[in-house]
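Note that subunit A is present in both complexes that follow, paired respectively with subunit B and with subunit C.
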Partner chain A sequence: METSLADNGERILETRDLTKTFGGLTAVNGLSLNIERGEIRGIIGPNGSGKTTLINLISGIYRASSGAIYLDGARIDRLKPNVRTSMGIIRTFQIPKVFRNMTVLENMLVPAFSDSQGDRYKYGREVIQEAEDLLRFVQLYHMRDELAKTLSGGQIMLLQIARGFIVNPLKLYLMDEPFAGVNPQIKGVIMESIKEMNREKGVTFIIVSHEMPAIRRLCGRVSVMHEGRRIAEGSLEEVANIPAVIDAYIGG
Partner chain B sequence: MSIKATLFPIFMYAILAPLPLVSGEYYTHVLNISFYYVVMAASWNLIAGYTGQFSLAHHAFAAMGGYTSALLVIHYKIPILLGIPCGGILAGAFGYFLGTLCLRMRAIYLGLSTWAFSESFRITLSMSYKLTRGDLGLSTPRLLETAKAFPYYYIFLLLAIVCLCIMYKIVHSRIGYYMRSIRDDEEAALTMGVDTVKWKRFVFVTSSLFAGIAGAFHAHYIGLLSPVSVDFNEMAILLIMVITGGLRTFAGPIIGAISIEILSELLREYGEIRMVLFALMVIVIMRVNRDGIVGIGRTVLPRIRYSTTY
Partner chain C sequence: MDSLLLSQYLIAGLVIGIIYALMAIGITFIYSIMKMINWSMGEFYMMGSYLQYFLVVYILGPHLWFVGIPISMAVIFFVGLYIQRFLLKPMFVGEMERKDEYATVITIAMMVFFRNLAVVLAGPNQFAPPDYASPTYIGPLPVSGNRFVALVGTLLILGLFYLVVRNTWVGRALRGSAQNRVGIQTAGVNVLRVDQIAFGIGVSLAAAAGALLAPIFLVWPENGAVATMKGFEIIVIGGLGSIPGSLVAGLLLGLVESMGSVLISPSFKDVYGFGLVLFLLAIRPTGLFGERQRVA
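Showing the complex of A and B:
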C-alpha cells in the first residue's frame, strides 16, 4: 500500500449521524464517517446495506432525512448535486450512466463545460486536449467519435470513470461498484487510474465494491456497512476477522 | 462561428429568394406557411429532440403569441412590429411557468401536463368571447397593406433563416451539451455539474419564445386567429414534421416541415385522410430509422459524422 499525497491527517469528508429513510425502511442509519484527505477508502457490506444510498447522499441525489455532511469543514448536505460537483465531488453509478447518444469525447466534455466549471468552456481547445489525454489514459481514445451506446459494458464503465477525472478541482471521487461486470484487463486499467490520480493529483476516493482483491490492493482502510450502520472499520485484514462482520455476510 | 457557418445562411437566402418568381401566388403562400412551420418544428425540436422534454404545448405558445400581438395592436393601437415581440415575450413567460411546473416530471407525465395546459388555453380562448370573439375567430390586422403572398415570402424566409441561425448557435454552444446530456440522462447530467433546472427552464423559455414570435407573424399574415389553432391536430402536425425529418437532428425539422407542408398541399383533396397517411409514414420511418430522413441519409452517406454537426 503506497502512502498518499497530502496525507497529513486532515479530514476531507465527514458525515455526522447521517440517516436516510424510505417510508418505513431506514437505508442509512445514523452513519458517522470520517475520510482523510488523500485516502482511498473502501466501503463494503452485504447487498442492501445502504452503500449506494450513502453515495447518493454524499453526491446530493438524495436529501438526508437527518444528520449532516461536511466537505472540508463546510456543510454541504443541503446543496444541489451540481453545486457539490463544483466543490470537487464527482461520482460514478453502480448501473453505469453515460450519455448514450453523445460521442465518447462529448461525454467527457459535458462535465468539463458544465456550470460547475465556471468559464472553463472558453478554453475549449485545451479542454478537448485534456479530454483526449484522459481517453488515452483509459485506452478509449480510438473510440472518441463513436456514440457511447456502441461501447461494451466494460468500456462504458471506463468512460464513466474517465469522465469524472476531467472535473477541476477534483477532491473526492465516489465510485459505486467500479469493477462490477468488467473484464480483468479493464479492471486493471481502472485500478491503475485510481492509483495514479490518487498519487499524482491527491484525489481522495471512496470506493464501494464487492471485489475484495481490488479493495485489498487499493484501500488502506475499509468501512463495513450493515443495515445502514457502520459495523466495523480498519484494514481489510482487520475487519475480516471481526465476528460482527462475518455474521453480517453469513447471516445476511 | 466559422466562415462557412456565416456564409451558409446568406447563400440559402440567395438561392431561395427568386423562388416565388416561378412558384406562382398559391405555392408562394404554401412556402410562406412552410417557413412558419420550419420555425415551429425547429424550436419544438430544441425542447423535445435535443432536451428530451416532450412538450405538447408548442402550438399553444404560437397561438398565445398571435393573440397577444393581435389584441395589443387592436386595443392599444401599438405598431404590429412591437406587438409581435410582445407576443413572443408573453409566450416565453408562460414557457417559464410551464417549464417550472414540469421540472420534476418525466416523459409521459410531462406530455400529459403540457397537453392539459394547451387544452385549457384553447377552452379559455373559446370562452373569452368578449376579448377573443371565441370560435368566431379574431380578425387580425395584416403586417403589410396587401394580402398577397409574394411580399410576405421575404418576411417568412428571413424569419426562418434568422431563427435557425440563433438555434444553430445555441445547439452548437456549450448549451447544446447541456441539452443533450439532460435528454440522455438527467441524473448523470446533474452529477456532472450541469444545472439541469436552469437549462430546462432556459429551453422551455427559448422554444416558447420562438413559437410565440412565429405564431404572431403567422397571425398577422393570415389575418385570422381562432381557437382551432390550438387543436391537438396542430401539435400532431409538428410532431409528424419533426419525426419524419429527424428528431434530435438540426436539419430534420427543416426538411420535415417543408416536405410535409408541401405534401399536405398536394394531397389537399384527401382531407383528413392525410393525417392517417402521415401517421403511417411516421410509423414506417420510425421502423426504418429513428432519426428520420436525416438518419436514413446518414446510413446512406456514412461520411456524415454523428456529433453535433447536423
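Showing the complex of A and C:
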C-alpha cells in the first residue's frame, strides 16, 4: 500500500489534492487537509461549500475523482465504506441513517456483525453489555426496547451517534451536522459525549456544523470551506476575522 | 352445497395459499434487501422439485422424503450463493448506483437457461415422486396427505425463517440492509455479503416450495412458471417488500381460488386470482401492506 511521505505518526488523516466533480460541478476542489490525532476539528462554510461531500469522500460513500486520502499513512480512497468503518472511520449523516423498524438496542448491535471486526458477534453477551452501557451514556437506555421510528428527531441523532461508538477500533469520527434540529438538552448530551470520547478514548473528531457556539466550545481548530476549497484554518476567533471568510459568508 | 364440501375446499385453499406464500416471501425477501426482482424464482422452485425427486427416488428411498427437503433447500441455498457471487454481485460493484436493468436481464436469462438445462438433463417428461403420506383428517375433514405434509412443512420452514431473521446476528444484518443500505455499510457490515446470504435464503424458500409440492404438482421443466406467477400475484396483492403482506395475500389468493372453484367452476381457477389482483390494483395499488415508495 502506498504510504504518505509526511507521516510522522501524529497525523491521523490526510487528504491530498482531493477533488470530486459531479458532471460540470466541482463540489470539492483540490482540497488538502491534515487532521492531527486526538483533535476535534470543525469544518464550517456556507451551504454548498462541499463539507458534506468531503465527509462522503472520507467515509467512502463517494469515490474521489482525483487526489488521495490517507488514514494513519495508509491510502484508503479506493476502499469500500464498510472496510473503512472497520479500519476505524465512523460517520453520522445529517438525515440519520438508523434502522427504523428495529429496536434501539438492536440498532446498536448491527455493527457487531462485521467480518472485518473479528466477528465480535461471537461474544454476544459482552457486545450487548457494551451496547447497553453506551445507551446509558447517551441517556437512551430507557428507550432500548422501543422501535427506532418512535424516537424523536434528536433521539434518533443520539442513537446514530451512539451506534458509532460501539465500533472497535474507533479512530476517527465524522459528524455531519450533529446539532441540526436537536433540542438544547440533547445538544448538551451530544457535546458531552464527544468531549468524553475524545478525552477518554482519544477518538479524533471532524465535525461539520453551522452551530457556531457548539463549534467554539468543542473545536480547537476550524477549517473553513468555500466552493470546494479550504479558504482558512485556525481557531474560530482567528478565522472569523479573515476577510475571505467574511466574504464567503456574506456572499461577497 | 353441503357445508362439509365447502369447508374441505376452504382448508384446501388455505393450505395451497400458505405454500404459495412461501414463494412470495422468497421473492419479497430478496427484493427488500437487494432491491431487485428475481425473475428466475420459479426455476429455483423447479430445481428444488427435481432435487427432491432425485433424492427420494434414487438415494433416500420413499420413506425418507423428509430428509430430502432440507437437503434440497441446502443445495439450492449454496447454488444461490454462487449465482449471486458470480452473476449478480457485479451490478453492485463500483459506485453506489446500481444498474437495475442488469438484474432483470440476468435473472430472465437464468430462467431460460435452467428450464432448458432441465430438458437436456432429464428430458421434457413429467415425474411423480411417491406420496409423502396417505390421506388424513384435520378434525372431521379429510385432507390429502401430501397437502397436509406441505402445510406442516411450510409452517415449520416459515417458523425457522422468522426465528433466524428475528433473533440472530445474521438476521439483524439482513433486516438492517433491508431498512437502510447506506446505514448498514457505514456501520461496518459488508452489504454484498448480506446480499449473498439473502439471495441464498430467498431461493432456498422457493426450493422448499418445489420439494414440498413435488408429489402434488409433479416435476417437470416448466413447473416453476405457475409458482412464479402465483408468487407475483401475491406480491401485487400483499405489497412488494412486506413479508406479513405475502403471508396474508397468499392465504387470500388460495381462498379465492378454491372458493371460486367450488362456487363457480374449477375451469377458471387462475382467473379468480387475476380478478383479485385487478381489484386490488384498482383500489389499493401499493398492495394491502405495501408502503408508498419514498424517493429520497
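Operating definition for what follows: the second predicted complex is superposed on the first by the 241 of 252 C-alpha atoms of A that agree within 3 Å, B and C clash if a C-alpha of one lies under 4 Å from a C-alpha of the other, contacts with A are read in each partner's own complex, and residues count from 1 in each chain.
FYI, contacts are C-beta pairs under 8 Å (C-beta built on N, C-alpha and C of every residue); 3 or more make two chains touch, one makes a residue touch a chain.
Values in this document were obtained by computation on a predicted structure and should not be read as measured data.
In this superposed model built on subunit A, subunit B and subunit C take up the same space, so to speak, and clash.
In the superposition on chain A, contact is made by A:Ile90 with both subunit B and subunit C. In the superposed pair of complexes, A:Asn34 makes contact with neither subunit B nor subunit C.
Once the two complexes are overlaid on the shared chain, A:Arg63 sits against subunit C while remaining clear of subunit B.
Contacts of A:Thr26 after superposition on the shared chain: neither subunit B nor subunit C is touched. Of the two partner chains, neither subunit B nor subunit C is touched by A:Ser235. When the shared chain is aligned, subunit B and subunit C each come close enough to touch A:Val167. Of the two partner chains, subunit B is the only one touched by A:Thr103; subunit C is not.
Where the contact sets of subunit A with subunit B and with subunit C meet, they give residues 59-61, 80-82, 85-86, 90-91, 93, 97-102, 106, 109-111, 113-117, 121, 163, 167.
The residues of subunit C lying in touch with subunit A in their complex are 94-96, 169-170, 172-173, 175-176, 179-180, 182-191, 193.
Partner subunit C is touched in their complex by these residues of subunit A: 59-63, 80-82, 85-86, 90-91, 93, 97-102, 106, 109-117, 121, 124, 163, 167. Across the complex, subunit B meets subunit A through its residues 174, 177-178, 180-181, 183-185, 187-198, 248, 305-308. Subunit A contributes residues 59-61, 80-82, 85-86, 90-91, 93, 97-103, 106, 109-111, 113-117, 121, 145, 147, 163, 167 to its touches with subunit B in the complex.
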